[in-house]
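See below for the structure under consideration.
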């Protein structure tokens, strides 16, 4: 069906809404990355199978839907029953029959699958009341987890493409740019550059061709909000891009999606095809005379391609080496033409700003960091998952109120934000408001929104070593400070982890870091030393413990620890089975012993022991 | 082109003063360079000073893939831009008169540049077999 | 390269405009079809797209998505994202390395298993994560790692 | 025409000119290893970094590679601040660890007072500083026989599959432009070997001296329409032939005059 007028779009929306309203009962099965890892695809099939078999009165097979990430990954696989919003967590395939029988047929709850807050022992039926969800405000994630991403009709029913219709009929390109500028929207990809200013610069450039690109190369390990948006609500990204294209006068663009996200590629492509078919993308969009087309460019698995000039070279089919940006890519970008590049979350936010207005958006968040920001919570935190909160909220609220604090009775140690370009913030920074400028001042950065929470069993030096290793592998290798500098910085860090370093080495690392930061060609190198610099700033004592005392206080660095088995050992053989180097000997129901010569200190025995019988010294 | 370099073989006595003058005119760090001019005997006691003819449609210019050879409109010389030269030797191979040379001493390609407008060879030639004059 | 393989290649080329801009897309499709980049396919790509072979080779070795050697029937990928790292991805690797007798990037001699590490697959909430032939496994305890591989 | 201030002195420069060109013209010693006029600047070696600032933006300063920074009116450039020197020293120190046996790097290090690298020597170092001069010059020729392979610290310059590069014509431009002379090649009387590929050399029909590889000559014939016979003899024999030809003309002229 081709939608070639605003009236037709409204009519279509009403039809879509009516169709959804007719489905009295709905089962939403989360197929986000977390739930999928728990086997939610099989749960979905099981629901469809049983519902089809039983031929229930108020639920059809079509009303059993897959959705994108619902957010509360720690409790996955998740199933939500609408309209009540009944929230079932940690669902297994075996539970499906029971859910159908008890809830769908009899209208009762399956108590054991409901969420109980471990801190208050309160059990929740409606997910909206769970503290994890109650504190959130979802703008970019407005539809993620709520709709079937493959159904354009569901997006339209929830007001999708209304912003585009408004823009094309009521606004001039300059009005759009002005609205984005006034909203204070800043790039959600990491740098926090004002989006409106970027669009204005591109629109101002004299050129026959302009490109509007979307950066879906979410390379920061620990961040997955862009993946969830592309998989769970691809049309919101497309709508944002089309609005941007209209504002800057672009006729074509690309979505650059990383290869590691195959489902994102598939869902974005489906969305593009569907939008094409409806006349919402391609030639003469909504009969407005404006044309814009989007293609998908798959990334090849290189972190550096998140950098704008490298991404553009990659789109052009080349090696993703950044180029020095004394001429900005917004002026001379893809194929040397003016190019707007924003990330997924930024584009997904744009339609809402167009609909509700810049002032509304400004009213959320802080003065200089307006609106909301999506974060992914991972690591040593109870409620791992995907959240969206107003800017300015404190780290403590995110980690403890929404995230539920640190599990296993351990202590909070640090939170890593901003991925490999960011840094670690310690406990005394927990009350800092989360916004672009505050995090940067504190020595980290917002980045794309990955938050990795670390407990006292995480070694700060090991974390720095981990990131440096990552960056050495991901450096494109073009410029010397990054290629050679990060390589040497990593070597020195390994030396500390092995207890072979001196304080001179630490001083050398600090000097080298400064040069890498100022002399590297692109953002990867310039921010590369950050994980080291921030950990040494806040956890210097831990570095010194490795250097002076040859001790790893967190018990992580393999060269500085030993594992021994104490008399709590029940002789269960678990550690013997798991030891990859067969360094543990012992018989059933007898005390086991670790051969220190053979032991590689991997910690597998510690991880599998259920009796606290393995000590780390 | 305002100037012309003229060779008058009949006046050449093969004294090799031009060769010496050229080498010293192109000295670097007190080391004389390779001469760009050679008085060669074509018959007993008969000499021709062979040097670059600064051809109109020069093969050396055509052969250079890096735009390192360009004509100086003032002096008429085809000059080699050392900063752009990569010493691939295309010009040496392509010059039909053998007048682009490899200077082993300074590790560079050389050819006559008319000394930027006052050729040393002409100045020192005792018999005026080499003349650089305004046209 | 067999006639059948060449037909597959031609089908891939037909999908793309014949210019340098198609290079990465073409290579990705070849990788998907053959599970690695056969040398002849790269040479053919260079000829077809009119791109120097050195550039094809450069791109093929730059991006993680490409493998220049044949891979095993079962691809085991261990995520080494930050969350997975601090939740013990190294332990999974230790188990798989000793259990399969190969290092990351290698393939067992019987061509059954290839072990790879990936930089974050975006399933951080379920860390540590491993992927066996595109099937995601979350919260993998180290003593389960090998079982998940052999089961498939 | 723009005006910029270099180390306190106001200097004129043409619009669009790169800063390094201006600095060199002013006789200021700026080290640069990856820079060559025949290739586009890429800023790989980072040695030519200088500090820039502007009077109207108080407190703003930035370090840029002068080889690819276009001059702008009012730019204030400082080429030897302690920070700039620290950058250069660190880079040379890193390169010394990477290329311990390179004469060029050793000499440069000594100029900066570094006699031993502060870092661990890179074990698999091949003395290549990864400036891409070779691949860039090969690209200018339109050949791109070699390229940067792999990435990060594993990156090397190599022909495809590490074997004979099919597109190489044996011109030696890569070996000649290499600032650290690490691309090996050997000539025999009639062959040249580079990148493991052996080429036939055209030998002078009169004296037998090597002139140029057949592939390079064919490339020049096709690309630049140089006649085949120009490549048949060496420069020395061509000069002799020139002398004889001119001699003939002179003799004829003299005979005619008599």
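When the chains are written out, they are named A, B, C and D in that same order, and each has its own residue count from 1.
As a working rule, contacts are C-beta pairs under 8 Å (C-beta built on N, C-alpha and C of every residue); 3 or more make two chains touch, one makes a residue touch a chain.
Keep in mind the model is a prediction, meaning the values are calculated, not measured.
Between chain pairs A-C and A-D, which one is joined by a greater number of C-beta pairs in contact?
A-C
Where the CA atoms of subunit B average out and where those of subunit C average out, how many Å apart are those spots?
Measuring from centre to centre gives 60 Å for this pair.
Please work out the Cα centroid separation of subunit A and subunit C, and write it as a whole number of Å.
That pair's centroid distance is 22 Å.
How far is the middle of subunit A from the middle of subunit D, if each middle is the mean of its Cα atoms, in Å?
The answer is 44 Å.
Using mean CA coordinates as chain centres, what's the subunit A-subunit B distance in Å?
Distance between chain centres: 68 Å.
At which residue positions does subunit D touch at least two other chains?
148, 150-151
So which stretches of subunit C touch two or more other chains?
55, 58, 62
Among all residues of subunit A, which ones touch two or more of the remaining chains?
Answer for subunit A, listing residues that touch two or more other chains: 302, 319, 473-474, 476.
If two chains touch, include that pair; go through all of them.
Contact pairs between chains: A-C, A-D, B-D, C-D.
Subunit B touches which residues of subunit D in the complex?
Those in contact with subunit B are residues 36-38, 137, 140-141, 171-173, 176-177, 202, 211-212, 216-217, 220, 223-227, 229-231, 233-244, 246-248, 250-251, 254.
Which stretch or stretches of subunit B touch subunit D in the complex?
Touch residues, subunit B against subunit D: 7, 9-10, 38, 40-43, 46-48, 50, 59, 62-63, 65-68, 81, 83-90, 92-102.
What part of subunit D is in contact with subunit A in the complex they form?
Contacts found on subunit D: 42-46, 49, 63-65, 68-70, 83, 86-87, 90-91, 94-95, 97-98, 118-120, 122, 129-130, 132, 148, 150-155.
Along subunit C, where are the residues that touch subunit D in the complex?
Listed in rising order, the residues of subunit C that touch subunit D are 39, 42, 52-58, 61-62.
Over in the complex, which subunit A residues touch subunit D? Could you list them?
Interface residues on subunit A, with respect to subunit D: 302, 319, 323-324, 326, 472-481, 483-485, 487-488, 491, 508, 511-512, 514-515, 518-521.
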